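Encoded as structure tokens, here's the structure I'll be asking about.
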């Protein structure tokens, strides 16, 4: 066993670092999904589309900035701008025009409405950005790489993946925890999540809270996409992949858990990247195997609270 | 939430369909299908696929009665389809392949069902999705056996030992799909009227009461789940035999979403709904794909959105309402 | 006075005036030392109670005293942290509601648990089908035999005219009766009813209870029921158990217990004329 670890320390190290960057992206998408579910009680299938559109918008903006001769650092402005733009435009649009009409209805219908949105947004992406791969990796290139020593070997790793992605994820986690616990708006969101009726009885404007939360969640998904865009080439279908992975994270963590979602993202991110290096056939399967295994033992998710029906 | 469209209640349980006979509309529907298949030969293929999917959607309908939505039922369809593709080189007899595919899907349904019926709502939906994605990944990655995303071509089949020419074979598949659709439709109708079927809706409304009646809600749901897997497998076998080509896409979560989509589109109030929905879905898909190649999904999505927001009873609900008014 | 001192060992007149000797009977249900705490709240803090065959035992007490918890523990929905429950001489702790129903313990709910998408008739028929254990997937629920049985059941509860009404369209009185009818359809020997009259309009309350008592007496069902209306308790209970903070504060025939100044003060909220030591 020890010998195996020693022999494979290089690969394990790579998997660990890769997994960290990957987990950071997954977390940002999953935590938005979780937040939206907490307040709206809707699992938003179109959340993955917001990730994809965020990624495409960031790439387009970045390419546009570059073509105007702006310095490479402007690529970062493109990432942030894309996330804000997608969140602020699509978030309210979807919540006001569509979701608002289905609150309080059967879960099946809510799920399907967001599935319909997903189908529509998938084609919107194809119409706007085409089906050819798009890549814009300037923000990653501009930071260069750092040599990570593994025993005798030295592996160059991009600073972007090694520091920026995990850094942003930690910042999002800390910021979100602070926002939800220390600010009035955050506490209102938590109150609505915990007990909507009671919160409304206390005079909380639930319509405003849902709009705000959904916009915020959409922004987080778009931010995840924007940050992912420099690391990969964008093709149709990335939204569909992302959303199922986020589902896996949210279900494994338990609904309504922020820190839990972070830890689970880490677990699933690392699990997947270990698979990439050691059993690539099972790369895509690993997150679901982790999820199924967790739910077998803890039906309410790793960090979820078991609810008993009142009789 | 104030101002929301709470008034849009679903027709379920004592649905309007029950006050209206289903026999006449069913016969008319069958006649219309045969007529269209005869008049527009190339639509025969589309309608056969629609009938097959309708059978799978019948299974979704059962779970919807229990208030559960599976975003992974394409796994049973894919199981049926790949069974046909794998076994066809060794056994070309369609009338043997079909029950074999259905049997394997049923066994998978039993294994998966024993696990997922312990969960409800979002967890139920997501677990189904996760397990179907496991199957999808295996089909995609185990290239040696499955040819990955290229998929497998289904070899030429025999029917009762005969190898009919193409036109006849198309009619045979159409007829087989129609026959099975009618049989499963009748089966589901009888099942939904039985204590087991009526108890399904009890899972949705008052699961605690079921337990306090001495009834295992899990067992009630498991029966429906296994039955739905059987129908999914049958549908998959029909799809594979008709399209003669299987790909991992069959198991992808969006394919499962389509099945749920069709169930809502057709209307969950009647066993006719899935077939109405499947026919409408496949026809819209064919014509939309021909008219706007890159936007057919968008058109389907918009249709789904409109149906849910403005015609929550689905196509069957609208038809039943109209027929009742005119009667 | 402790609970066991007051355990009914005397013969009492039933509602029809038939005197039923209790002395020689073994209790149908016997709970000893039940304890259950939720966080810091003691919902059961040493409950000892015997329920005699054929009796109607009322449970009264303020909200949060643990009355529903007792029902939930007896029917297998909650498991006590300590203590034992015997039913018909057999220990039943740890058995699931499903198993206990099979042994003849039925219950009704404070919030009626009806299948809201079904008609009243279908609700009753489902309960009858559940008892028969006949879960064929192909025979209709409303086959003539079960339809007739269900109608007869509803008729006993005066619900026959509402047979074709969807359960979610009933008024509270009818919902309570239908809820209890479903429990009775399972032919229990013991039924535990959680506030059978709460939410029932004052005008129909007495008629609901009268119907109920008539049916249960006819079916020879032993009943434990949580009740807030003292008039109902006085008229229909053979014995009353007074719950207070997870304990039984008093137990005995209503004519004694309901005159106890401590009970009057703490449970019913009436300050007696002169204080009690």
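Chains here go by letter, A, B and C, matching the order in which they are written, and residues are numbered from 1 within each.
Criterion: a contact is a pair of C-beta atoms (placed from the backbone, for glycine too) under 8 Å apart; a residue touches a chain by one contact, two chains touch by 3 or more.
None of these values were measured; they are calculated from a predicted model.
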Innermost chain, taking as reference the mean of every protein Cα atom displayed: B
Taking each chain's C-alpha mean as its centre, the one farthest from subunit C: A
Centre distance in Å when subunit B and subunit C are each reduced to the mean of their C-alpha atoms: 45
Mean-CA-position distance for subunit C and subunit A (Å): 51
Between subunit B and subunit A, distance of the C-alpha-averaged centres to the nearest whole Å: 31
Subunit A, residues touching no fewer than two other chains: 311
Per-residue multi-chain contacts in subunit C, two or more chains: 109, 113
Where subunit B touches two or more other chains at once, by residue number: 208
Residue ranges of subunit B touching subunit C (in the complex, touch as defined): 12-14, 187, 190-191, 193-199, 201-202, 204-206, 208-209, 211-216, 220, 223, 227
Touching residues on subunit A, where the partner in the complex is subunit B: 37, 43, 45, 98, 100-109, 111-113, 115-120, 122-124, 126-127, 131, 206-207, 210, 240, 244, 247-248, 250-251, 255, 280-285, 288-289, 291-292, 295-296, 299, 309, 311
Subunit B-touching residues of subunit C, taken from the complex the two chains share: 75, 96-98, 101-102, 106-107, 109, 113-119, 122, 125-127, 129-131, 134-142, 166, 182-183, 186
Footprint of subunit A on subunit B - complex, ascending: 1-6, 8, 10, 64, 67, 69, 71, 115, 118-119, 121-123, 125-127, 129-131, 133-134, 136-138, 140-142, 207-208, 252-254, 257, 260-261, 264, 294-298, 300-302, 304-305, 308-309, 312
